[in-house]
Each structure stands twice: as C-alpha cells, then as structure tokens.
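Here chain A shows up in two complexes: once beside chain B, once beside chain C.
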Partner chain A sequence: MPMDERQQLMRQIQQLSFATVDLNLYLDTHPMCQQALFEYNRFTQELLRLRRMYEMKYGPITNFGYAPSQYPWQWVSEPWPWE
Partner chain B sequence: MWIYEKKLQYPVNIKNKDVRMAKVMMTQYGGPDGELSAALRYLTQRYTMPTGKSKALLTDIGTEELAHVEMIATMIYQLTRNATPEELEAGGLGGFYAQHDHALYWNDANGVPWTASYVQSQGDPIADLHEDLAAEQKARATYERLITLTDDPDVIDPLRFLRQREVIHFQRFGEALNDVQFHLSSPKYH
Partner chain C sequence: MKDCKPMPHLMPLEPVCVPPLPLAHAYIPNQPYVGIVPVEEGFKRGSMFPNLYQPYHKKNKIC
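The block that comes next holds the complex of A and B.
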C-alpha cells in the first residue's frame, strides 16, 4: 500500500528524530565531539522545520505547550500511534 | 518532566493477526528483561550517578526505553486486534482474555506479572552500570529468539530495530562505565 502525504512526512520526521536520539546518546558520552554536535544541531533544525509543517497540516505531535493547536483542540484527534 | 510525542519511534504496521506471537512477545512488555524493566531501571538509577554524563545517559536511554515500551505494546495490540475469544484461547491467551480481555497488561510470555524485583538500584554506580550492560545483552538475546519465532516481515522489521538499539545502548553504557571508573579513581575525587 503506497504511503499518503501525511505518512511520508511522518516517516521523514521519524527518521530525523531517530538521528537526533542516536546522536544525543553518543554526545552524552562524547560531549567534546564537534562533528557529532554539528550533525545534532543540523538534524535538530531540519526536524523542527518538518514538525512545524506536519503540525500545521495534521495537528500537534506534542502538547503541554510545545505546539499550538487550531480550533477545536486537535490533540484528541485520531488515529493514535498504536492504531 | 516528560512530554509525550504522538508518534512511534519506529513504524509498526502489522497486518496479520498472530495470537501465538503476541503471547511470546509479552516478555518484552512485562518480563524481567523487557522494555518496562529497562525504562524503570535506568530512570531510578540515575539519581545516584556521579557525573553529568552518566546522569544524562541514564535519563536519555530510560526515556528511549519508554518509547520501546510503546512499540512493543503497539505490536501486541496489533497482533491481537479483532481476535475472537476462541482464537485467543487457541493461541494460548485464554487465561489472559479472562483476566484482561483485549487490554495490554505487564506480564511475561508465561503470564507471570511484572515485579519490581526484576530490577536493582544499588546506589553504587559501578554495580548499577554493570547491571545495565547485562540487561541490554539479555534483551538483545531475547529479541534474537523472538525473531526466530516468526516469519512475518511486519513483525521482524521492528524487532530488528529494537535489537539494534540494545546493541547501541550496551556500547554507550560501556563508555559511561569507563568514564565513571576514571572519575572515581581521579585524585580530585579522593
């Protein structure tokens, strides 16, 4: 089944998000590594950009003040990640 | 403080029901070497780590493990979605159905409920980090056995991802252990 636009964008966010998690753990034990830090900051910027794009179109990925919501409150929209 | 992200860390899209596989996978949800044990172990050991690096690492790996709890839950949920009571019974989950219907619950592959005695928190960073290294290897070995128990690519793919994360976490914990040992043996500490 081909992925729709929303799924494709989510897949890109998952990939970038994974890269930042993995680099984050690496930096925890290598805080002086400039190359890893450069990559972490680069992926973080790109991730923020794609998140904003996704959240404008399809609703917030995070709540508690990390992303605004359109009316009505979008956080309750389905599907949830396990569905 | 934690925040929730309305997404999985890695995609899970299981199309075929498989009650038998859901049952054995429960060990990674509520078993001794499962993701819940991992998350809670690291998130409680972090308070008595001696360095900024080790506090950060236990916080961050503990947090990633919570995302793995969600992935395993999603896999079990999807493997048993729309299963009839008869199908659950035939797949070995008749007792589970009687107690929990289609809900998720923290027990191992044999129905034994999760217990805090699966994890330790010694307050000794060397002992705790050694436990963490062992935990990652036990989870890695469990994922390898789970992969041999299915031929469904929708199940194998996320299991392979989770197995790989155990390997990375082991690597990072090893680096943290070396660093903590160096820190504890440095003159300024004594």
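The block that comes next holds the complex of A and C.
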C-alpha cells in the first residue's frame, strides 16, 4: 500500500531518528571525530524541523510535556503517531 | 541448587591443574570513520556505517 503524505513524513522522521542514534553511539567512543559530529548536528537540525512540521500538521508525536498541543487537546485525536 | 552443578562430562568435578590463564579476552577494534550511507539506506540496513554492514549470506556459509 502506498504511503500517504503523513506516513511519508513519519518515515523520514524514523530514518533521521535512527541516523542520530547510530551517530550518537559512534560519537560516544569517537568524541573528537568532527565529520561524525557534523553529520550528527545536521541530522538533528533536520529531525527537529521535520518533527515540528509533523506536529503542526498532524498533532503531537510524543506526550507528557515533550511537545505542545493545539486546542482542543490533540493527543487523543486519531490517527495515533504509530498508525 | 543441585541443578547448578556442572555436567560431569563437560567439566571435571575434581579441581585440575591449569596454568593461571585468563578465562577469555574480548577485543574491539577501532572503527575508522569512512563516511556514512544515506539515511534511507542506513534505516534499511540497520547501520549508517558502511564498514559495519556485514549481512549474512547463505552462500558464504562455512558449515
């Protein structure tokens, strides 16, 4: 089944989330590697941008104070971020 | 606790004379930075690092 726009954006967020975790783990043992740090910061900026875009359009990805909500309270409105 | 005794055919119950060697030695080679793959590719592979990508192929099977 082809992904709709929301699912495509979520997939990009998942890809960047994975990339930042993997680079984070590398940097834990190679803290002086400037190239890895550059990529980590680049992906982090892009991840923040896409998360904000997703949450503006489709509602919060995380709750409990990790993302603001529009009115009315968005967390309980479907689809859920994992749907 | 009796279940925790070693299997007699795997380990001698009586102490045997062995030289004072370490039980095992783990090592982790340094991982050089050789660049990363595109995020779409890394997500599929499960690694952003080309030098950590070692998929298991049946044709390379030894036994």
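Of note:
Everything that follows uses one rule, which is that the second predicted complex is superposed on the first by the 77 of 83 C-alpha atoms of A that agree within 3 Å, B and C clash if a C-alpha of one lies under 4 Å from a C-alpha of the other, contacts with A are read in each partner's own complex, and residues count from 1 in each chain.
Following the convention adopted for this analysis, a residue touches a chain if its C-beta (ideal position, glycine included) is under 8 Å from a C-beta of that chain, and two chains touch if they have at least 3 such contacts.
On a predicted model such as this, the values are computed, not experimentally measured, just so you know.
Applying the stated contact rule after C-alpha superposition, one finds that A:Gln35 touches chain C and leaves chain B untouched.
Judged by the number of chain A residues each one touches, B leads among chain B and chain C. Contacts of A:Trp80 after superposition on the shared chain: chain B is touched, whereas chain C is not. Of the two partner chains, chain C is the only one touched by A:Ala19; chain B is not.
Legend: residue contacts after superposition of the two complexes on their common chain; A:Ile61 is shown touching chain B, with no touch to chain C. In the superposition on chain A, chain A positions 14, 18, 22, 26, 29-30 are in contact with chain B in one complex as well as with chain C in the other.
Chain contact summary for the complex, chain C toward chain A: residues 31, 33, 35-36, 39-40, 42-43, 47-49. The residues of chain B lying in touch with chain A in their complex are 3-12, 53, 56-57, 60-61, 64, 70, 73-74, 77-78, 168-169, 172, 175-176, 179. For chain A in complex with chain C, the touching residues are 12, 14-16, 18-19, 22-23, 26, 29-30, 33, 35-36, 39, 43.
Interface residues of chain A facing chain B in the complex, by the touch rule stated above, are 10-11, 13-14, 17-18, 21-22, 24-26, 28-31, 60-64, 66, 75, 80-82.
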